[in-house]
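Shared chain: chain A. Partners: chain B in the first complex, chain C in the second.
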Partner chain A sequence: MRVSFQGVEVLRGDWTLTADGVFGEGRHLVTGPVGSGKSTVALLMAGMVTPDRGRITRGGEGPLMLSLPFPEHHSTGATVREEIASWGLAADPVLAEAGMLGRGDGELHRCSRGELKRLHMACVLARRWDLLLLDEPYTALDCPGREALSARLSAPPAGTTVIFTHARESLPRVDRLWEIREGRLVDLGPVREAIPLWSSPPAYLRSALDQGAVPKNISVQDVREALCRTAG
Partner chain B sequence: MQDGRLKILSATVLPVVAFLSLAGAVAGLAWWLLFTPRHRGIRNPRAVLFFLAILCATAAVVQLTAGGGIPYLFRMTVVVLLAAWYHGARRSGELLEVSVSLLGTRKGFDLGLAAEMAARSLDLLLRDLEMMQIAWQMKGTPRHLKTLSPALALLLHTQLQQSGEQASLLALRGYTGGGSLCPAFAFPRRDLPAACSVVLAVVLAVAVPL
Partner chain C sequence: MIRVEGLVHAPLSIPLLEIPDGETAVIGPNGAGKTTLLRILSGITLPAQGSVRVEGLPSREQEVGWVGEYPDRNFLFDRVRDEIASPLRFRHLPCSETEARVQEIAETLGIARLRDRSVMALSGGEKVLVALAAALVSRPRLLLVDEVDSHLDPDTVLLMEAALRRAGCPSVIRVTAQMESALRASHLVFLQGGKVIHQGAPDRVFSALAGTAFLPPLWRCGR
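Let's turn to the complex of A and B:
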């Protein structure tokens, strides 16, 4: 599904956000500091917020999902199994994916936020979406959880996936990079050309770039490989 | 309206006056129309409409059974409008400042801190409810009791957990009770008519007991 922003402006008192550009098929990463407007862009793309100026068009009418930062906002089941069923999914594969095998009958409110997030992400990623918007998908996850999610998100997507995050520790392979700079959504372009233009890359990527490495993508694995090639 | 003391005074006294008598409710409504940004000052119109819908249903039952439903609806509508105004007009830290200035740095501080935390929780709860509506729309979840009750239970549980964590954090920082704060208030001249009108509303409610 293609989503295009044409002269979009959102005004909230002194704060403004402007956006132009097209999100085509593939994986996109939108970064920016906390409060820069990433969630607003996600809500605009999902049609949950109307821009004050400009137009947003979505090509295609396939299924759309906006995953919000806090998993409890999506929860509607009393138990883990009921929650999985509320997504129209079979319990066992999702429980295995979330690392919660044997916990199906547990009450949802007894789960930690990290467990809820793992469960939520497993449910979201078990279904196919034409447009998948992941707002802060790494929130509440520990390091192994973040790495596992990055690996999962690095698999080729079927439609358009947009990841909105300020996380720095682990990022998935993506096709295109975007950045919010001083209230403007900037399309940095395809990932290889975009990396040198990225004003706030994660520390591991910045360090590799400083050493002269040229990573093919932004995941830790890609950066490691680039460093090995440089050391050669 | 700038002065936090006047805002809290109005938000406390006017609803009481409006609830006690019809004349007080008329005065409260007039005050809301004259001294607040009216509908533009309401931060969450949906929540206000929800409360008004419940009031209408209650008033209809009262009217059909015992009578007096319509005056009740009018008085309570004014109470809701005043509450909605204060919710939108409240500035963070205001409750603590007013409480300390009235009751001192011991009891006043504790009471003000509790009020600030409660107000913040209410804001978070409203934001959570907004996000839940979006999430449910995305998920295609029908809104009925079977899905609503576990979701609200989880939300309540999360709120209680956050409150517990906040209390632990305060204890960890050495908070045992009371605190130092030197609140300063500005009372611009343009707030004077609003303040006088609050007093007038009280006088009217007492003098015309309808």
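Let's turn to the complex of A and C:
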């Protein structure tokens, strides 16, 4: 699903956000500091916030999913199995994906937030969406969980996936980079050309760029490969 | 020095753990028992078995500060200055001393400009700094910080770390999910399955974690 921002402005007291650009099919990463407006962009794209000025156009009527930072905000089932069923999914593949095999009959409120997040992401990613908006998908996940999620998100999606995050330790391969700078959503372009323009890249990527490496993408794996090429 | 001895409290099983003064980071997978350990160190939770001593005394007999994962969920007052002053006001300290200490800690953490703001109008990073100020205003011997950085961007985490160092608390123990932040601590504890698997200087612990997802990305990319 294609989403266009035309002269969009959100005004809240002395805080403003402006946005122009088009999110086409593929994987997009939107970064920016805490409080910069990433969640607001996600809510605008989902149609849950109306801009004060400008227009947002969504091309297509396919299924849309906005995944919120806190997994408990999506929970509806009393047990893990009921929660999975509420997404219209079979339990076992989701339990396996979430690393929770044998936990289906457990009460949902007894799961840790990390477990809830893994379960939520497994449910979200088991379905197909024309527009998938992931607001802070790494929150509450430990290092192995973040790495597994990045690997999963690195697979090319069928529709448009937009990842909004301040995380910079484990990132997936993406097609296009965006950044919120001083209240403005900036389209940095296709990932390869965008990397040198990124004002707040992860430390591992910045270090590689300083060493003259030219990564094809932003994942740790891509940066390691670029460093190997640079070292000859 | 904090000494944990014979600790058994699900999921934790720690025969002996000595944590030196300074800044300690606690890392490990989800469910390892990191928050449980912090709660026991703080005295909020009493262990089923075993003991915790902070400079030879039980935690509940020492001044201990606590900042939870979602600091704003524990705010009691609307104005920043009232929130920071609350631990001293609850102890009926004289107003002049309370004012002076609030001013001092707010300046140390770089949030003096926020004193008359509503806590609800602050950014995520500012809320963390206000919660840290409220925890530090009592001049604790030990400050425990439970993974507040999972909601902060790396630049804000750097600001938080710098503010903590300026505050001069003798022992700070913080759970973190950001390995590059853990790398900057003076001491590291790696918990897994309720057990202390590695502890010591960050370089040493991360060397032992080579090949795992816990290795800081910068290390995986050849530093």
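Basically, the second predicted complex is superposed on the first by the 232 of 232 C-alpha atoms of A that agree within 3 Å, B and C clash if a C-alpha of one lies under 4 Å from a C-alpha of the other, contacts with A are read in each partner's own complex, and residues count from 1 in each chain.
Definition applied: a contact is a pair of C-beta atoms (placed from the backbone, for glycine too) under 8 Å apart; a residue touches a chain by one contact, two chains touch by 3 or more.
What you see is a predicted model, and the numbers here were worked out from it, not measured in a lab.
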- Message: After the overlay on chain A, what do you see for chain B versus chain C, clash or fit?
- Response: clash
- Max touched-residue count on chain A (chain B vs chain C) belongs to chain C
- Task: Based on the superposed arrangement, let me know which partner A:140 touches: chain B (first), chain C (second), both, or neither?
- Result: second
- Message: For A:108, using the defined touch cut-off, is the partner it touches chain B, chain C, both, or neither? Pick first, second, both or neither.
- Response: first
- Would you check which partner chain A:207 touches, where first means chain B only, second means chain C only, and both and neither mean what they say? second
- Which holds for A:74: it touches chain B only (first), chain C only (second), both, or neither? first
- Message: For the superposed three-chain arrangement, which chain C stretch in 2-10, 74-82 or 164-172 runs into chain B?
- Response: 74-82
- Query: Which of the residues in chain A end up touching chain B in this complex?
  - Reply: 43, 46, 48, 64-68, 70, 72-78, 82, 86-87, 108-109
- Note on the structure: chain B residues touching chain A in their complex are 128, 131-132, 134-139, 141, 147, 149-151, 153-155, 157-158
- Note on the structure: chain A contacts chain C in the complex at 32-35, 112, 114-115, 118, 139-147, 166, 168-170, 200, 202-204, 207-208, 220, 223-224, 227
- Message: Give the list of chain C residues in touch with chain A in this complex.
- Response: 28-31, 123-125, 150-156, 177-180, 212-214, 216-218, 220-223
